[in-house]
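Take a look at the structures below.
Look at the two complexes coming up: subunit A is in both, with subunit B in one and subunit C in the other.
Up next is the complex of A and B:
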């Protein structure tokens, strides 16, 4: 029973981080209809940004997280404004191709600049934990879970309450009507993609704290984010966090009660189940 | 890829100027993980091949039937993609017409790539695949300079028998790729022979980043020892997550990879202390070599040239090139079949150790048990104790 409780806690904490990974993917997908294959690469770049802020500028990783997010926002904004806006309304294959190309460019740039060495963001308190009646809760994982939930809530509020947020939703729902009301879709797209990149950056930083960064972590994370975004649905940010939780718990349970080699079967099996049972998820109603 | 070829070409051209106008050349080809997931270890092979070829050429090259030949190198980047690697090996033989093959890193790659060597009957000497699977297929053209994966934990288990207190319960955690499956199979047998109890025996998915479930299970079984087999990146995650979940074996843990590598210790910092591992090679002056002097001189020059320290992968890769040089000279020809027969007979001392293949094509070398003590790699045990182990290891709370 204690083991079950521990595994459940592990799954939930992992799921929070997964949710954050899926959040940026889901936002960009839902609003821009771009399945961003470079999402994992943005996560990786966020990880490096935080790594250098911590090891180079000696800023505590959790305090430096907003800085990494701003950097990634700027990158995302520029990418969308000057590159992706050119093809955002063309066939989906084009957006897939261009984001795939971006992924390749980012990964190889990262190897040139940062080498293939394993990097970890290892503040002195990484690895410390608190024990609740025999169930160990690692502080850093707990903190990253909280950050994920806070960011999802902020995103929800921003989309719901702010003018820009409403413009983003309006653009997603009806482009023509939004334009008639004076929304500049290019700018809105750039803000949306930038926000997606910033969320990826936050996820990457946290990933570097609980796991490790190499130029090659992105591919797996793009696939995971894809699954999570679909599991959670593209309409509400909090749904994506739930998608992450479901995946995190399912993987943790499967590792223990089935076999640890089954984790990929579980995540992609879940994807197939959702696609069969709720095909509307794919269309997205942001 | 270009990075590799240009210096070799430059060296070849420079040397060609001073030597005879008509330079005879033997080309060695390999597809190595210079980029991609395994680039971190793959680079040892690319860099070490380059250095070995340069050194052999500086000392006059290889004598074949009284004529001097220079060595040339053609290294392709397999991007850590096994299938691409196989295609590149075919390309090396059919289009680039290289004379002989060197290997990639990792058992999964070597397992598939070596089939190309066998099919075209061109010998491959590879220093990156230790899985016994590679050598159990009756192949004639594949030779390996890493000791068999089955025996990676042999010296560690022998040491465990001589430690006080003596460990009893063992957890075995291994990845599901060719190398680690071999390690796990061999280790189970060794543990049984040593009369140790296996309380956890779990396999995980290769390239898995998440160990919390396995760690929690392991903690609930409270083992004396954790023996772990996988890739370096996974080892890092395992140790970091073990700390955050407060999981620690009562007496020791040992990892097949990472421990001899500088990058690994840097990423973990103080958390790497107490960790045991193994290596078939240490940069020791006692390992004499015809081309480099000794292993220590090699390690220093390598560090200076490539700005990172070599580990056994690099030494094993150098040994592959040297093995070809010896075998080609002995054969007196570059005919692949005759060189293959000489490879089966080589018997010489290299900076990596004594090179002599068993009938299946694999080398036999003892693994020295090493431990990270205050950030440094300390040799602890081979046949007997070489140094004092920090034992039993302290739990996370007491560090």
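Up next is the complex of A and C:
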């Protein structure tokens, strides 16, 4: 029973991080109708940004996280403003292909610049943990879970209350009508993609703290983010966090009851099941 | 256009003579270029004609590789039966995987193929008869000329299939699905069956290409057989040449293989980086491929590119 509790806690902590990954994917997908195949690569870049801020500039990783997010926001903003806005209205095939191309560019750029070695962001307090009735909770995992929940709530508030947030939601619902009411869609799209990239960057930084980063982590994370966004639904940021929790717990359970080498196969199986079972309802909404 | 169809057999014959006149290095480069052109042409059927971007065709190639290797190294069958086993595995995977996934549209299919490509080498590494992590060694057979000719025949067969497709009712159905799937369905096209058939055709030729490659290099392991970067190459070559056309993928494969050969002599990651940039540039500047650029540039000059830039911008 204790083991089960531990695994459940591990799953929930991992799930918060997954939720953050899905959030950026879902936001871009829901508003821009772009399924961003470079999302995982943006997560990877966020991880490296935080790694170099910590090892190069010696800033505490949790304090450096906003810096990494700002960097990724700028990257996303520029990408959308000067590249993706050119083709955002064309067939979905083209947006898939161009983000696939961006993914390739980022991965091999990272391989050239940062080498293919495993990197971990390893602050001095990485090993310490707190014990709840025998269930061990590492501080960094707890902190990254809290950061994930806070960022999700902030996004929810920003979309609900701020002027820009309302403009984003209006653009998602009806581009033409939003334009008539004075929304500049180019700018809104760029802000949205930038926000998605910033969330990816935060997720990547936290991923680098609790796990390891290489230039190649992106593809599986893109697929997972996609599944999480579907599980949660595109219109509710809170739902996406729950989608992340479901995947995190499912993966933790799979590693307990099955051979750990099968975790990838399990999450792929889950991917296919989710893809086949859910989309009809979702397409109707989006 | 007619003159082109007379020129093609001549070109094929010219290519067939290459092994007797060119150096070993060129023949070996030729085998790789022909096989990757076959993969690009296979991708063209599902990605170019049906408009369903598969990022997992490397899986079919890998299954062909493993089918042939298992048949020859473990069961001691002949090369021919090995190719058959590889093709059967590839087609079976396309059916099993395609039937549920191709009922879905657009990005769902793309993501599922992406996931399949990412886990397939992990799955193979757990199977005993496939040699687990270590891989398999095939019987040694030296004869670059034979492999070159087989690859050429395969590419010609694939291109002939696509040429038939472009004129057939089936091909027209695939194009209809690409342009407007709802309308295609209303017109009475069984869209799921058409898409699965397209994926099966792609899988069949990709698997045979994998089988030939396996016997040629004689050693395979999960990482090299299911190398996801193959997907990058086939997508980019098709796009560059012109997806949904008969000859575009072949032209794209030949041109880009040559360029990447030069770049890879410096560093392999530079070659891959180049591929990524070409995909991005191709989607924005020349969505119909290099053959269309040659035609459009004659009349519109540089406006050809600015027109493409303007077409879909916000």
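The criterion applied here is as follows: the second predicted complex is superposed on the first by the 261 of 286 C-alpha atoms of A that agree within 3 Å, B and C clash if a C-alpha of one lies under 4 Å from a C-alpha of the other, contacts with A are read in each partner's own complex, and residues count from 1 in each chain.
The rule we apply is simple: a residue touches a chain if its C-beta (ideal position, glycine included) is under 8 Å from a C-beta of that chain, and two chains touch if they have at least 3 such contacts.
Please read these numbers as outputs of a predicted model, since none were measured by experiment.
Undergrad: Clash or fit: subunit B against subunit C, after overlaying the two structures on subunit A?
TA: Aligned through their shared chain, the two binders clash on subunit A.
Undergrad: Have a look at where A:264 lands relative to subunit B and subunit C in the superposition and call it first, second, both or neither.
TA: both
Undergrad: Where does A:85 make contact in the superposed view: on subunit B (first), on subunit C (second), on both, or on neither?
TA: second
Undergrad: Tell me which partner A:93 touches in the superposition: subunit B (first), subunit C (second), both or neither.
TA: second
Undergrad: Where does A:2 make contact in the superposed view: on subunit B (first), on subunit C (second), on both, or on neither?
TA: first
Undergrad: In the superposed arrangement, which partner chain does A:111 touch: subunit B (first), subunit C (second), both, or neither?
TA: both
Undergrad: Contact-wise, after the overlay, does A:149 reach subunit B, subunit C, both or neither (first, second, both, neither)?
TA: neither
Undergrad: Tell me which partner A:251 touches in the superposition: subunit B (first), subunit C (second), both or neither.
TA: A:251 contacts subunit B only, not subunit C.
Undergrad: Taking the superposition as given, does A:158 touch the first partner, subunit B, the second, subunit C, both, or neither?
TA: neither
Undergrad: Which partner does A:35 contact after superposing on A: first (subunit B), second (subunit C), both, neither?
TA: second
Undergrad: Choose the clashing stretch of subunit B with respect to subunit C from the list 43-51, 79-87 or 313-321.
TA: Once both complexes are placed on chain A, subunit B clashes with subunit C in 79-87.
Undergrad: Need the overlap of the two footprints on subunit A, from subunit B and from subunit C, as residue ranges.
TA: 108, 111, 220, 261-262, 264
Undergrad: Across the complex, what residues on subunit C touch subunit A?
TA: Where subunit C meets subunit A, its residues are 51, 53, 55, 100-101, 103-108, 110-112, 114-119, 122-123, 126, 178, 228, 232, 235-236, 239, 267, 269-270, 272-273, 275-280, 282-284, 287, 309, 311-314.
Undergrad: Would you tell me which residues of subunit A are touching subunit C in their complex?
TA: Touching subunit C from subunit A are residues 35, 37, 83, 85-94, 96-98, 100-109, 111-112, 185-186, 189, 219-220, 222-223, 226-227, 261-262, 264-265, 268, 271-272, 275-276, 279, 283.
Undergrad: Okay, in this complex, where on subunit A does subunit B touch?
TA: Subunit A reaches subunit B through residues 2-3, 6-7, 10-11, 14, 108, 111, 116-120, 122, 126-129, 131, 136, 138-141, 210-212, 214-217, 220, 251-253, 255-256, 259-264.
Undergrad: If you look only at subunit B, which of its residues touch subunit A in the complex?
TA: That would be residues 35-37, 39-40, 43, 80, 176, 202-205, 207-210, 212-214, 216-217, 219-220, 232-233, 236-237, 240-241, 243-246, 263-264, 266-269, 271, 396 of subunit B.
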